[in-house]
Amino acid sequence: MRMMVINPNTTMSMTDSIGRAARAAVGPDVRVEAVSPGMGPVSIEGHYDEVLASVGVVDEVRRGEACGVDAFVIACFGDPGLQAARELASGPVVGVAEAAFRAAGFAGRSFAIVTTLGRTLGRARDLVAEYGCERQCVAYRACEVPVLGLEDDEGDAYMALEAECDDVLRSTDADAIVLGCAGMAKLCGRLADHLAVPVIDGVAAGAAFAEGLVRIGMHTGKRREFARPIAKPVRGLLSGFSLEELPGGRRRN
Amino acid sequence: MRMMVINPNTTMSMTDSIGRAARAAVGPDVRVEAVSPGMGPVSIEGHYDEVLASVGVVDEVRRGEACGVDAFVIACFGDPGLQAARELASGPVVGVAEAAFRAAGFAGRSFAIVTTLGRTLGRARDLVAEYGCERQCVAYRACEVPVLGLEDDEGDAYMALEAECDDVLRSTDADAIVLGCAGMAKLCGRLADHLAVPVIDGVAAGAAFAEGLVRIGMHTGKRREFARPIAKPVRGLLSGFSLEELPGGRRRN
Amino acid sequence: MRMMVINPNTTMSMTDSIGRAARAAVGPDVRVEAVSPGMGPVSIEGHYDEVLASVGVVDEVRRGEACGVDAFVIACFGDPGLQAARELASGPVVGVAEAAFRAAGFAGRSFAIVTTLGRTLGRARDLVAEYGCERQCVAYRACEVPVLGLEDDEGDAYMALEAECDDVLRSTDADAIVLGCAGMAKLCGRLADHLAVPVIDGVAAGAAFAEGLVRIGMHTGKRREFARPIAKPVRGLLSGFSLEELPGGRRRN
Amino acid sequence: MRMMVINPNTTMSMTDSIGRAARAAVGPDVRVEAVSPGMGPVSIEGHYDEVLASVGVVDEVRRGEACGVDAFVIACFGDPGLQAARELASGPVVGVAEAAFRAAGFAGRSFAIVTTLGRTLGRARDLVAEYGCERQCVAYRACEVPVLGLEDDEGDAYMALEAECDDVLRSTDADAIVLGCAGMAKLCGRLADHLAVPVIDGVAAGAAFAEGLVRIGMHTGKRREFARPIAKPVRGLLSGFSLEELPGGRRRN
Amino acid sequence: MRMMVINPNTTMSMTDSIGRAARAAVGPDVRVEAVSPGMGPVSIEGHYDEVLASVGVVDEVRRGEACGVDAFVIACFGDPGLQAARELASGPVVGVAEAAFRAAGFAGRSFAIVTTLGRTLGRARDLVAEYGCERQCVAYRACEVPVLGLEDDEGDAYMALEAECDDVLRSTDADAIVLGCAGMAKLCGRLADHLAVPVIDGVAAGAAFAEGLVRIGMHTGKRREFARPIAKPVRGLLSGFSLEELPGGRRRN
Amino acid sequence: MRMMVINPNTTMSMTDSIGRAARAAVGPDVRVEAVSPGMGPVSIEGHYDEVLASVGVVDEVRRGEACGVDAFVIACFGDPGLQAARELASGPVVGVAEAAFRAAGFAGRSFAIVTTLGRTLGRARDLVAEYGCERQCVAYRACEVPVLGLEDDEGDAYMALEAECDDVLRSTDADAIVLGCAGMAKLCGRLADHLAVPVIDGVAAGAAFAEGLVRIGMHTGKRREFARPIAKPVRGLLSGFSLEELPGGRRRN
């Protein structure tokens, strides 16, 4: 089984730690390729960043699809480009926010999201609503460490994150913590040991669920909304993204 | 990894087919034990049946917990006894309705449930609401084949199920079909081939996700609602269900 | 009119106080029988307890139905076995949580639930959602007195409960308090005098509403989901719960 | 116990039939006074009518409150003036839509509303949302008989209503029918006999629940939103509605 | 373009400031008539006041409709009589609460309502739900200044309002403040300067949106719920509100 | 007042008709610039197209912001890039879907969306949910004319659209029709004449509301989620989108 784990930002050190987290979550017969797009912002901390990063995500999915990848994991907590990726891919596409929320659902009634910058919590709220988790998510918290702060100064970042988690557990009944950034994957184990509640890293959850989906033969339903994108010209800087008609107009359902 | 897959009714032929579906969904290092309780109704087709079956489920979970089982799958679409099982078990407990809805979520925007008897659709509605899937579930259908009809006359049952699925795909935009009974596991492949849309058997999905949860070290959060049940006397016919204090009062978080 | 008020746990002192609360809530032509099942846990403080207690509830409902009882009240705040009881009974079945929420609805915009142990608040949340009261219920509180603490030490229990109620009224605009345990029925009057807001005991509300439902000829709709359970074998310890076909297969709508 | 049942329109024949339905729903110790305001439209079939009728409702509640009425029932399916009445009254105030929805909730999972004119269904939708019944109400239907058509030609009105009810039961799984106009009270019994499902007349339900609420000592919470209206001048045509300060500024909680 | 801005209470100084706020919000070709009904309470601070004020609103709308007014703004935060006004008017009718919520929606994710008396927040909650803004509205606050306090002592009222706004911005992430009373229109600019976040006065928003609606030819859909009220007798004090059949029974869609 | 109306696709004939619709909706003192990005797909009919088009939208907003544009309208029914545009712009940014839904809200209780291709209805559902309109939107319909079919063959496109609108009005109570594609702006008048219900073109609504927002001094709240994007490197093909620190780090609230 070939699984492509896409870090939507262009910071390779984060791609590496995401790859490690994904590999630890899957069986020995799964080949995990952790990649970063060749274009896009170095970190994703707002809607503008996400617009730009989404282009890189669909670029990688097109490439992976051409190579016969069996499943894709989009390893940024905003699930950027997820719906477009589902149009493009034959196999399942898993966003790490969706995966983390589902893991939390299997682990109890409620969870708290703890993320990097507070300005990204709006996107978290959108996803919680989209995935039907408004009753489950009982707190939205930020430790106010920038995404690249997780790379540059892991020790300080960990302490800020731990403090925020301790506080949210004191003030709510949350059964679990959901980490709100794929870059936190490497801090998950230490945090779980300290907090003694389930701490969910969406990268691990996403990789594990993607493996399961492939094993049961699941893929995106392609009969309507998520059918292959309609072939049409794309102009200017993005002209390389033009899609051509499939020969015979066939598509996999 | 040891996984106990519990068929909550007491019909062993169904337990066998459920076991086969679960085994096909997991990796080679997972040992699946498919079991039925020693007590309870032969099929579950209403709330009364579910009250009775839930006792058998918690009985099996207690037994499995004592034997060091790593994960539990409750293989009845009503997810009977799921919350109680989460109190009892150290590892993850997955209900097949929750698992099927999550697989469907990864496969597109919307799904239709197709089940056995129409009178069970109320329970399906309760679960759809509980799991936050009211926007996703676009149709509730029944082929009006009783649960044991799936055992007794597989051919006729298949034809009725296929006809209902064909109809729901004609009249809605559902991206996927969710099978509303664990006894339908054995019909899933043939149906998927015919319909050319994702058809989701919760048993396979539940086993695959349970494996993934164990692999990423996930378990039920035990700090409050799902802590081990409080030790107390249980009287009369059910006195065997009395729990005793753990020595030292310790519990795993 | 014969009304059976079922205390789902097996603690008779609580059954007695529940019976007194129910009798005070109904007219002189209503004969209230307060009963406890012959099996089950001595108190209900979690999902495991509730699975076990539900069996006792359906056992009592079968017994009452055979004796021509006109209405049933299930006197535990988790409304255990309520849907199964509605399948079994010809007349109305009222859960005390549903009744309390409805009384609160007639009394204003919002209420706060104050219950025994915090671990039971998850069940309260489930019921609030099921009964459509998410906008109404503005606080979930626990005084952390165990259910049997209400029996053993009424004075201390009252003080803890009063303190929690005082606090919730200070910090919210709740129009009313809903008591989250049938065992609190006996404390309701004193609390209402102290707090000077409506304090709702579900037992009283349930008995009063059940009387009203019988008077207007209301019963559970039996055309589909809540039709009499399908006759089928039940095995093992619970074999006494097997139902037989009604002669002629008739059922009341 | 004194109960005032207010028909918010000014058609006395409807007031009479509403009074009969209410009296049949309560115990012998309840004195039901069925009244109509001295001002307002002859029927309520839209928002304009409701604005005008609400003034009459609050006028009657003020009068009843001055006479020591114990409970009020507002007998129009739009629950006109209900919140204002709760500010004015010391005892409980029950709207017949709220009462009908609650009776339906005790009778099963789902109901269908069948009313007079289709243009009033918008108000029904508002009330269903306000009372948290969006999952319960599975159909909104109108037989397109005007309200006064129920008075003028009972036979034809009945046939149109029956036909609509038959149709909605064929096309949905509704457990019960809720009659969408207080003027239909007199048709309820015949309809229930014909349909063999629970048919709910809000007038009967409202009177029965109001009696129950008084019996358990329930009233509107008066600590904030529903405190007595603030005394202030009212000008012009409505100057008779000016309220004066209570001596001592006291209010009942 | 003729726009009638209706202050539903009968305090003319407030009508004047409302008129000024509306005029500042529209283009030079819009003629704003700010009016007060000839009947009704001097301020609206609860449900009773609102019932009475709604009659005055529909009276003004009838008058304006007869004079060929192009659009109506109802300038009280409870949007009293809005649905009835939409039945009566040919052109668009805008309530200031709806307008304020929509302006807030265009300005970000979330807003906080800051109003006069806490007892009016229930009405605010009803409107937030009706207009689908439950996710957007993150706080409901009252500065506990009565409506006429805004007229009598503008300086003190401003200070109380500012303090409440400061506090809500400290304790939430609200992107904007919605002023919860039309009488606050005159304080909006000073408050926006102080707070440095968008502060929304519904009167300005309502007038601006009403102008836009007229410019694009929008009006209330009249095919069903909001068709012209049915002609019928109105009795007693309100007999002047009887509507007559339009000649030919025609109505504008 | 300068208003930039952005057609997110790269088909100039559509940009022209959008510009005409916007100009007709605003006052004489508003200068409307209708633009298309220099990059991106020729039409937007799915999630992949939208990812690509969003980049062009933010490019135009950056350009407009640098030129002192007062307000932006994003003239594609998917509101692509709206949140990112709100981060970038000082003044208000209005999406035509949001604008159309709000105009519909002012025009009655309910609306039906009629769009081009059925595969785009998923995006419409997401926006309906995001904007809190799930109760309002009673039908989602597609006439199955591709977006560029509106340009190439206006006559046939109109007939297909009219047929779908006729059908949805026959089968629902919708008060208004919302056109689900900015390219339909030019068909709006003819359709409204035919249907005799309000037909809402989001382009006109968006331009009118944007003008109103500027007139009342409204802009996006910039204190947190919608603050200016954080300056950071963007790599590869999109490196031109890197933002630099503002001198002094100042931002407008």
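Each chain carries a letter (A, B, C, D, E and F) given by its place in the written order, and its residues are counted from 1.
Keep in mind that, in the parts below, a contact is a pair of C-beta atoms (placed from the backbone, for glycine too) under 8 Å apart; a residue touches a chain by one contact, two chains touch by 3 or more.
The structure displayed is predicted, hence computed values, not measured ones.
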Those chains which touch subunit D and also touch subunit A: B, C, E, F
Co-neighbours of subunit F and subunit B - touch as defined: A, D
Relative to subunit C, chain with the most remote C-alpha centre: F
Gap in Å, rounded to a whole number, between the CA centres of subunit E and subunit B: 52
Approximate Å spacing (C-alpha centroids) for the pair subunit C, subunit E: 44
Between subunit D and subunit C, distance of the C-alpha-averaged centres to the nearest whole Å: 27
Contacts with two or more other chains, residues of subunit F listed in rising order: 86, 109, 118, 121-122, 129, 135, 173, 224-225
Which pairs of chains touch, using the document's own definition: A-B, A-C, A-E, A-F, B-C, B-D, B-F, C-D, C-E, D-E, D-F, E-F
Subunit F partner contacts - residues on subunit D that touch it in the complex: 118, 121-122, 125, 129
Residue ranges of subunit F touching subunit D (in the complex, touch as defined): 109, 135, 173
Interfacial residue positions of subunit D with respect to subunit E in the complex: 10, 37-43, 45-52, 54-58, 81, 83-84, 86-88, 118-119, 121-122, 126, 129-130, 146, 224-227, 229-230, 232-239, 241, 243
Parts of subunit A lying in touch with subunit B, wherever the complex brings them together: 25-27, 29, 86, 92-94, 98, 102-103, 105-109, 131-136, 169, 173-176, 192, 196-198, 200-201, 204-205, 208-209, 211-213, 215-221, 223-226, 253
